[in-house]
Amino acid sequence: MRLAAVLVLCAVFAMALVGTVWQIAGQPVGGTLPETVADAMADSGVDHPVTAVLLNFRSYDTLLEIGVLVIAAIAGISMARLPSLEDPELRTHDSLLHALQRWFLPLMWLVAGYLLWAGAVQPGGAFQAGAVLAGTGVLMRLGGMPMNFLQPRLLLRVGLALGFAVFLLVAVVSAAGGDAFLAYPEGMAKPLILLIEIFLTLSIAMVLLSLFVAAPVNDAREPAEGESE
Amino acid sequence: MSVHLLYAFAGAGVFTIGLFGMVFMVHLLRKLLAFNLMGSGTFLVLVGLAQHRNGVDPVPQALVLTGIVVAIAATALALVLIRRYFHLTGQVTLEPGSRDDEGHS
Amino acid sequence: MMSWLMAGLLFTPLAWAVVSLLVGFRTGRWLSWVGMVLQVGASVALWFAVARESGFYYALGGWQAPLGIELQVDGLALTFVLLTAAVASACGLHAGVYLDPDKPWQRYFWPLFWFLWAGLNAVWLGADLFNLYVGLELITLSAVGLVALGGDAGALRASLRYLLAALVGSMAYLLGVALMYGQFGTLSLAGMSHLAQEYPGLEGAGLAMALMMTGLALKTALFPLHGWLPPAHGIARSPVSALLSALVVKASFFIAARLWLELGPNLGTLALAQLAGVLGALAVLWGSWLACLQPQLKQVVAYSSVAQIGYLFLLFPLTWGVTEAVSQQAQQGMTLQVISHALAKAAMFLAAGNLILSTGSNRVSDLAGVSRFLPFSLFSFGLAGVSLMSLPPTGGFAAKWLLLQASLNSGQWWWTLVLLAGGLLSAAYVFRIYRASFVEHSELDQFYHPPRRLEAIPMMLALMSLGLGLVAEPLLSVMALPFGEGG
Amino acid sequence: MAEDFWLNPWLPLMALATSMVAAVVIFALPEERHGLRTGVNLAASLLKLGLITVMVWGVFQGLEYRLDFTMMPGIEFVLRADPLSMMFAGLSAVLWVLTTAYAVGYLEYSPNRSRFFGFFSLCVASTTGIALAGNLFTFFLFYEMLTLATYPLVVHRGTEKALAAGRTYIIYTLSGGALLLLGMAWLYAETGTLEFTQGGFVEGPLTPSLAIIFALLIAGLGVKAALFPLHGWLPQAMVAPAPVSALLHAVAVVKAGAFGIVRVVNDVFGIEFARDEGLLLPLAWLAAFTITYGSLRALAQQDLKRMLAFSTVSQVSYIVLGLCLASPLGMVGGLVHLLHQGIMKITLFFCAGNYAETLGVHRIDELDGAGRRMPATSIAFTIGAFGMIGVPPLAGFITKWTMGLGALEANMPWVVLVLLVSSVLNAAYFLPVVHRLWFRARERDWPEEVRWGRLETMSWLLWPPVLTAAAVVAIGVLASFQFSPLSWAELLVNREYLP
């Protein structure tokens, strides 16, 4: 009964939505933004339009977005239980995984670095690089590497906030000089964006990794099936 | 009808499936997956419709990247909450007091 | 000067979020005091600057819309910024004393608090649909984090419910943004408004707007989508509840209202407007009724929020297809309602927290005899209640008066009945609390006396909401300032 | 006093502020500072009396006291003093002094006095505000404030019964307030102003919406004025302590309603407009019915305070009825009853409180022989009761006589009949009480007797009723004196309404 009702409602919604898309596709109005972007590329400091939009034209979005990530990380680590982090039971003693780690980790760091650098001219950038870096972290953690910086102490918090802090500092420095908030000083866009991206990569990796790690695990009261991840 | 528009229609469909899951499913992880479906659908519409109109458009691509990060942050937060909730109550649904038999993924 | 103030306004909360993340709760507390002073100072200075000159668009990064993101710095936005500064500072000051500094998770209160503040400012000033989305998510996630902070199973359940509802709401909104971008090729609200005027009859965009408004209504907890609100607001720590009820739900409503006022005349329909009004009316009645039935003090206050939010949605029918003067009245009424409810509800939640602290119980029936021992917090609660009942001279009354005038002048007399019934019902639940406190046969003879500072804060907020009605005229005149059209 | 004295505009606000500030100070004082609290209370009430006296003199000289500022678009907060407002403000100022003194004695040794006196002062502040309100909005503001300030007084004892009464009270009065608000908002939407204007600001012809607005306003005010069928809260509210009942019934609440009706008829719609358009006749019938009904119900009561309550229901409608006659003498009669009834009724309530507090007597049939035990109180009660019946030359007689003349003047002889019937009924329920007081011998012990040394009761309790009873005699005998209530009402009617 409930299923039927929900299905009917969803069907109606889907039809309305498809109709809306059709309507809109049929009669677009207004100017075209891509041309404006293309015109402004020369002043943006980077060569790839997506990166230019992300870190220059609409950098406020990105700033706040990193803030959202940091919030998630804060909420995550606020719930972590300290001692469980280094529980030996969690370590996988799998020789294949260890072998993979030995080969993969350097390679993945390299990939992360490349993605970061490539962002200036082609798809890629801080988030992708950070995600890969976080992936290596996950592998390391599963392999039982001691990563003490993931304990919710000052070091972790500095790591989480670093990228955001650097971004914010860059944003406010130019404003202190009388320019707009988030504006890059003349000719400084490229190095500043690179600087921001490097720190963002680190912080994003840190956030994702800490979210992976931060959860209440291995408590005696927890039912057995809850351990499966 | 361009291929981009097809993406947009697919996005509408995916969004609706996600919405269905959100409304109908009770298991928290399923709800979370449904939310991610909704997100993917939205991003498809965002890029598809814009590219249908403008050709290659960097702005929606950048928006989708931002949107993905935000969605990931939300998903991660939800996962942390769900895990802790399960840890404390042994429940996987929001109905207070009733244990869910569906099993957990 | 102006640009420094703007930068300070944007920078302070974000910077304080970062810095307070690095330190413990106690250090975070005094750091936050400094931050509050800065933030309040910047808000006040900007407000007066705009009141003297006029509003302007602030292009972030020097990129003007539609390429970049512009902030719409006008009287209305700054009044809300100012309101946020006042209420958030009060909640922060209260929390600094109220929360237990020895609990390890409380250190995360300050960063979440400051992020929440930053998100709120981003929404008040935002004029770019996608940026508003990011701002909303900033608010949602930090609010959920605050509800869940150190919480038990109940708090987690409430925050999960809240999170899921809010996420669906934001996704619906974002889908609407996607459709709007497909329609207009811009994300700037002002640009869209121009285009919508130029090309009337865009049905697709109308549906997209309805979708966005639905998502925002879910985030604002409009009846019947309000189920997530009372548990979340009821179970959070009192300063957090105060922040949530006073400010957070207003953020999504504010976006809905901006959308409606900019695009509604061309994209809205009578049915949509009336539907929003009817749901708002039902929210008023249903929320108040449920508030009368709640056994727990904070649940009463939380359901009262559901009801008070309902009033806000009368904005939609009262600004659609009416004369300029009526629309003006409705907008002014809505604004005053937002402000006075924010002040009153924050006062109420903080006072409720004090009452819970002194009786050691969240139950209404355990308030017996409190009126004898704790008149001060009860008084604050009562004064805030007067504003919710919308009796003069409170801001709540001023709001109700303007809405009454708007509905009478537009011939939509049926809303007056809702306004009056809502006032009476809110009196019913407020007086239920008073009544409980006057019962004399209490077993408890000793109540814990909270520190004076805790008691003073809700009183100040309550007095502000009380006095709002007296200064409504100058306030409204600033909000109605002509807006300098920028790029 | 110079006509452009700089303080003049601030006098109304200062009169308001005396009790407001007193309230705040009293709330801030710790519970055990009894002496200081009493001092603050009395000082504030005397100061206010002084300010009102100055204003009465000024108004008599034709001075204008007015203070206004804009609160919201189109809505002003106006305080001003005119003859009518002086009448009500004077009444509340005089009775505040006496009731405060009485309450100090009445509540000695009981808990929560800080709360009580704080709200008591707020209550008086609201009453002053109602009196001085210069437009309907300001009136409404204080009208609602009065509701809120009296609630804690009604439920003061915290018993189940008190809480139930408080609930009824709040439901009635807030609903009334809502009706008033609706009427006011609608009126503003129709006319664009709310300022009390001599002769009214509503302009004809009478449209259906104007008639509905009139009905809404009267209904909203009628709740507090206890017009039938909106009187239900009043007898229930008798559980409150005696000073509260005295204040509720004699001055603050019911009079606020009646005063509001006077304002609406005279200064909003205009007496001539209301009369000519036939708005007043239904109101007159309603008032006449309420007079009779209240008296009949009073006959059946066994509880002294409940009897007095129904008597109030009946007596307040005299004011409305007098107003509805819309002839000069009728209006004078009605308006003067605003004062007369207040002073007479407060006497009766003081006495009832004395019986309860000193002898533990609440019911009429327990009063046998009380006159011998408490002669001063009983004499005061007797004077009050005779005044109510309308025995010459007491205050009540002046009212009824003037109103009777007014009814003939207005060519409404049936009103005379109502007055006669009512007087007979008044006699029928008051005389048996008086009879029991003086002419029945005591057979049993008093339920809970308390002795206060030499006097029949505590002096704080004794002097207020004695003074008010003396006033009942004085304002009757000296009715033609220049500042008597009657002369003032004549001045008022001649100057403002029906010249």
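Residue numbering begins at 1 within each chain, and the chains themselves are lettered A, B, C and D in the order written.
As a working rule, a residue touches a chain if its C-beta (ideal position, glycine included) is under 8 Å from a C-beta of that chain, and two chains touch if they have at least 3 such contacts.
Here is each chain with its UniProt name: B = Na+/H+ antiporter subunit C; C = NADH dehydrogenase; D = Cation:proton antiporter.
For clarity, every value in this text was computed on a predicted model and none was experimentally measured.
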| item | value |
| --- | --- |
| Pair exhibiting more inter-chain C-beta contacts, A-B or A-C | A-C |
| Distance-maximising chain from chain D (Cation:proton antiporter) - centres being C-alpha averages | A |
| Closest chain to the centre of mass proxy, which here is the mean CA position | C |
| Centre-of-Cα separation between chain B (Na+/H+ antiporter subunit C) and chain A, whole angstrom | 17 |
| For chain A paired with chain C (NADH dehydrogenase), centre-to-centre distance based on mean C-alpha positions, whole Å | 30 |
| Chain A and chain D (Cation:proton antiporter): spacing of chain centres that average the CA atoms, whole Å | 72 |
| Chain C (NADH dehydrogenase) and chain D (Cation:proton antiporter): spacing of chain centres that average the CA atoms, whole Å | 43 |
| Numbers and ranges of chain C (NADH dehydrogenase) residues touching at least 2 other chains | 130, 134, 137, 141, 144-145, 148, 175, 179, 182, 185 |
| Residue list for chain A, restricted to those that touch at least two other chains | 17, 21, 24-25, 28, 32-33, 37, 58, 61, 65, 68, 71-72, 75, 79 |
| For chain B (Na+/H+ antiporter subunit C), residues that touch 2 or more chains besides their own | 8, 15, 19, 45, 49, 52-54, 59, 63, 66, 70, 73-74, 77, 81, 84 |
| Contact pairs between chains, per stated definition | A-B, A-C, B-C, C-D |
| Residue ranges of chain C (NADH dehydrogenase) touching chain D (Cation:proton antiporter) (in the complex, touch as defined) | 329, 332, 371-372, 375, 379, 386, 389, 391-393, 398, 401-402, 404-405, 408-409, 416, 420, 423-424, 427, 431, 434-435, 438-441, 469-473, 476 |
| Complex contacts: residues of chain D (Cation:proton antiporter) adjacent to chain C (NADH dehydrogenase) | 27, 70-73, 75, 77, 111-112, 114-115, 137, 140-141, 144-145, 148, 151-152, 155-159, 162-163, 166-167, 170, 174-175, 177-178, 181-182, 185-186, 188-189 |
| Chain A residues touching chain C (NADH dehydrogenase) - in the complex, by the definition given at the top | 16-17, 19-33, 36-37, 40, 56-61, 63-65, 67-68, 70-72, 74-75, 77-79, 154, 157-158, 160-161, 164-165, 168, 171-172, 175-176, 178-184 |
| Parts of chain A lying in touch with chain B (Na+/H+ antiporter subunit C), wherever the complex brings them together | 2-3, 6-7, 9-10, 13-14, 17-18, 21, 24-25, 28, 32-34, 37, 49-50, 52-54, 58, 61-62, 65-66, 68-69, 71-72, 75-76, 79, 125, 127, 207-208, 211, 214-216, 219, 222-223, 225-226, 228 |
| Complex interface listing, chain C (NADH dehydrogenase) residues touching chain B (Na+/H+ antiporter subunit C) | 130, 133-134, 137, 140-141, 144-145, 148, 152-153, 156-157, 159-161, 163-164, 167-168, 171, 174-175, 177-179, 181-182, 185, 187 |
